[in-house]
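Please go over the structures that come below.
Heads up, the next two complexes both have chain A, just with different partners, chain B and then chain C.
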Partner chain A sequence: MNGSLTDGPLPKKILSPHLIVIWLFLLSLPLWLLAIGGYYSIVTQVLILGLAAMALNYLLGFTGVLSFGHAAYFGLGAYGCGLTIKFIAASTPLGILVGVMVGTIAGALIGALIVRLRGVYFAMVTIAFSQVFYFIAFRWNSVTGGDDGLGGFERRPIDLFGFTIDIQHNQMLFYYFVLLLVALGVGAMGLLLRSPLGRAQLAIRENERRARFLGLNIERHIWIAWVISCGFTSLAGALYALLDNFADPRLLYWTFSGDLVIMTVLGGMRSFWGPMLGAALFVILRDTVSSHTENWMSFIGLFFVLVVLFFPRGVLGMLQRRKGG
Partner chain B sequence: MLVTESLSKSFGSLVAVDNVSLSVPAGSLHAVIGPNGAGKSTFFNLISGFFPPSAGRIVFDGQDVSRLSVTGRVAAGMARTFQITEIFPELSVAMNLRIAVEAASGHPMRPWLSRHAEAGIEQRVAELVAQTGLKGKAERKVGELSHGDQRAVEIGMALALKPKLLLLDEPTAGMGDQETEQIAELMHRLHREQGLTIVLIEHDMQIVFRLADIITVLSEGRVLASGTPPEIARNEAVQAAYLGKQES
Partner chain C sequence: MTQLILFNLFNGLVIGAFYALMALGLSLILNLSGVINFSHGGFLTLGGYLAFTLAPWIGFWGALLVAPLLTAALGCLIEPLLIRRLYGRDPLYSLLLTFGLAFIFEDGIRTIWGPQGLPLTVPPILAQPLSHTLFFLTGYRVFMVAIVAAVVAGLFLVLRYTKLGLRIRAGTFDLETVSVLGVNIRVLRLMNFGLGIYLAGLAGVLAAGMLGLLPTLGGSLIMPSFVAIIVGGLGSLPGTLIGGLLIGTASGLVTVFLPSASEAVIYVIMGVVLLVRPRGLLGEEGRL
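Let's turn to the complex of A and B:
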């Protein structure tokens, strides 16, 4: 179980062997992806959804707080990015920046209202807030495109030191662009979890009463974890809008929050990388099953139930346990 | 160090703590005993700030803390353990203690640590491991340890806060003889060698009479008697209400 954040002390070295394997895998993916019949839009989507699920898990798995409304911040990131590129300036970095800011600020404000709630009450209120944003996107036709979604914008090439990186037309370059931002997000969360801040959040997950009687300000810590989680979720949302050059109101709908929770639990919410694996399983299952039947969700549901019943620590948790003996 | 003045707490019509006044001088070990339902745990919860009193005052280290939050009282120098051990079960001994040390260091929200701060924290954790007799178990997951060792971890976390006053709620509850002795030994060292002020709720009379400087007996929320162990042993009201019952 080396390297798992929940077992024993954190490893001293940040570059542990399994991390090197993960990053080599992701970096080398374009070399062999096409040869095995894969395509870029799928793997890029996995990376983006994986980032969102890992951000959700920063809250669920490492602070012990269940949000059922993360679609709101994913969707705000997507709409913030899309609307910026469409109406303000055709700049990819600006779009991402605005998307992340919109999602994070909304998260900070809503978080301040709800951090005193616990458990089911907290989850219910997060759903309610996400539905508010859904209906705004759904109704405000003239700006958001309403039910049809927000189109009419395209991600732009990036100019860097006189070079133009054409992520607009070159899918491989866009993959690497997404990988870079996902790496920054995942790396930042990994470092935070190894800091006093992250350990205080683990303490709240483990035993809120004990944490309080150590003098920790529980509400403030939950709020910080919530804002961090919302921030990286909205980064994922902004990237998602760039992937298809489209923002769908269903990204704000509560069932999408559910999808993120499913990915997280499927992969393993006690392991740092579990949600990324969960996102991969979710997307691959959806794509293979949906080519045979429209009822793909019932297969994912069945798979989810089996995993929860037999491997409560998720697929990655199970693999780690087996390896650890 | 700690003074309560006519402290009362009622839940609806039930008066759990009724007009309790006592004074704990610095450096003493003060035991609170009494039959089940006497209000001992409620009294502890009042002192540590779990809920506010219905009436009366709590003065700690010269400061009225009656309305202070838990966090405020911890900052003022109080630390407590619980009747049912409250620890971080999935984390290692070292990590449990480390979280407590970082919480006490005044910067539990730092997203990074300097090498200097890191070294200081590690040294403090090692001290606490040694102090609580957990050497060799630092990397073990706390949830897998024996009851006595888990209690030692909890006391270690309280000590990490460098408290002026340590509140121990039945630290030997549900333990075998050997574990009880382990915890008694630890309390003895903290009190005699380090001069820590301790308020102790305890059912094990042998331990109470061996360790305590002063014993307060609660019954039905009121102070029945307060005095040195020999005085309490001689007190007829106590014998009738409490000790007598145990012998029969």
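Let's turn to the complex of A and C:
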């Protein structure tokens, strides 16, 4: 196990070679994406889901807290953003801001109820709580659109110092817009993990009892990690609503929480970038399978089973292990 | 108005009995093996569909007897193949694997029996109302509550007075010691899993008679069952029973006054319980 704190899964230097490669790849993507037959919508989707999975991994992999209900905060971000643009003001930044605030506040309130629970119990409660928001979105037809989802809003161009950045119609600009926000989110999480707060979280993950004996306030640290995670998850949710100009109640359903967890596990829970890779693999797999067979649910289900049985460390986890001998 | 309240209250009690039956099975498996069985709803649905297929041959009563046993038999096949590999691992993996199983169940059932709803015909003697003034007391509903009560009583008697029950209860506290004392815990976990799945299959047959069959039947019942366990308290079967009945009747009562909140109310109850008593109504201290 990659246990020691100084030698952990995070690179020591902020700018390591593999980080430069990752960012060059993401920044140059529009140059060659269309040439290899890719679509903006799908890579933007991967970026957004990757951010959500990385935010979830902030809890799963780096604090050791098992949340199986992150669909709630993703969905709240999406609905918060969509409803703001539709009913309050047609402004993209305001929509994102409100989406993030709604998700984060809900996370803070629910987090306060559950920080004392652990393990299986924590997982069950997080799953169950996420259902409340699903039923609200599902039943409150007049506002949320109910089962049909929330449509009728569009992301707006951004005005910046007199320039207009048309992310509404130019898909490439929207990709870069999402990339910027994802970069900010990922960078913030990376810095947080290097801070004393992040180190305390790793200590809790490795040995909660010992961390408690060292005088750490475990409940408060878990609550802070939970709120941070919910915040970035709802940022991803808000961006997701902008991607399709649509918020789907199924984003709040518990099966979507499972999707986020499998992305995280698939990429590698103990690596910082693993969940982003997991999101890419998951989206590619789901799109391929669902375009070939009606029984895509069985394949996805089988995939879950196989990952658990044969691939529990995920792709990057296996690579790291191989490198480490 | 009184009629309406009574109707919904009784309806809620019936639904609560489902939740309780399903949650008791989940609880059994969770307590002994630490596995949250997401696929429990899949087994439940399968039980209902098996009854639907068997009923023309062996009648409703035969199906009520046989379908849950067949479901449990499938459970006893899946446990050594898949579930056993999860014991002792991070609960994350048990969640993911059974989650995948739930998908396979739902999709498999849709492929075999089709996406449209199917009815499970109950014998005419059960379909009649028992009383003209209290029209909602159909024989089937009363029968359901009675059968759930009988099964739950049977379950508690088995756990209290048989050797198997004693071992399950002991294993819930300390499985390692039970193993050291010479009990084959592989077999114990297998039988316990089968017992839990039997309850799911039975709930499936009963639910099919009242709600009809849809591939998503189990998926819609699983979350309330989780809530029943959380409200009742982890590790306490009587707590699970009370939790199930409580959220069922509460949901029925709310249907009268605010139908759109009938699902959300059970999560509100859960929130209140967690706020006031984090270990659940009958949960033991230190077993969070």
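Just so it is clear, the second predicted complex is superposed on the first by the 304 of 325 C-alpha atoms of A that agree within 3 Å, B and C clash if a C-alpha of one lies under 4 Å from a C-alpha of the other, contacts with A are read in each partner's own complex, and residues count from 1 in each chain.
One rule holds for everything that comes next: a residue touches a chain if its C-beta (ideal position, glycine included) is under 8 Å from a C-beta of that chain, and two chains touch if they have at least 3 such contacts.
All of these numbers come straight from a predicted model, not from anything done at the bench.
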When chain B and chain C are modelled together on chain A, clash or fit: fit
Applying the touch criterion given at the start, work out whether A:164 contacts chain B, chain C, both or neither, answering first, second, both or neither. neither
Under the stated touch criterion, which partner chain does A:221 make contact with: chain B (first), chain C (second), both, or neither? first
A:210 contacts which: chain B (first), chain C (second), both, neither? first
Output check: A:192 vs chain B and chain C. Expected answer is one of first, second, both, neither. What do you get? first
Once both structures sit on chain A, report the angle chain B, chain A, chain C from C-alpha centres, rounded to the nearest 10 degrees. 80
Return first, second, both or neither, reflecting whether A:288 touches chain B, chain C, both chains, or no partner chain. neither
Touched partner set for A:200, first chain B, second chain C, both or neither: first
If you stack the two complexes on chain A, which partner ends up touching A:305: first (chain B), second (chain C), both, or neither? second
Between chain B (first) and chain C (second), which, if any, makes contact with A:28: first, second, both or neither? neither
Across chain A, the partner (chain B or chain C) reaching more residues is C
Quick check: superposed on A, how many Å separate the nearest Cα atoms of chain B and chain C? 11
Which parts of chain A are in contact with chain B and also with chain C? none
Given the complex, residues on chain C that touch chain A span 30, 34, 36, 82, 85-86, 89-93, 95-97, 99-104, 106-108, 111, 223, 226-227, 229-230, 234, 260-261, 263-264, 267-268, 270-271, 274-275, 278, 288
Chain A residues touching chain C - in the complex, by the definition given at the top: 60, 66, 68, 113-114, 116-121, 123-125, 127-129, 131-132, 135-136, 139-140, 254-255, 258, 261-262, 265, 295, 297-298, 300-305, 307-309, 312
Can you check the complex and tell me which residues of chain A touch chain B? 6-9, 191-192, 195-200, 202-203, 206-207, 209-217, 220-221, 224
Sort out for me which residues of chain B touch chain A in the complex. 48, 70-71, 74-75, 79-80, 82, 86-92, 94-95, 98-100, 102-105, 107-113, 139, 141, 154, 157, 160-161
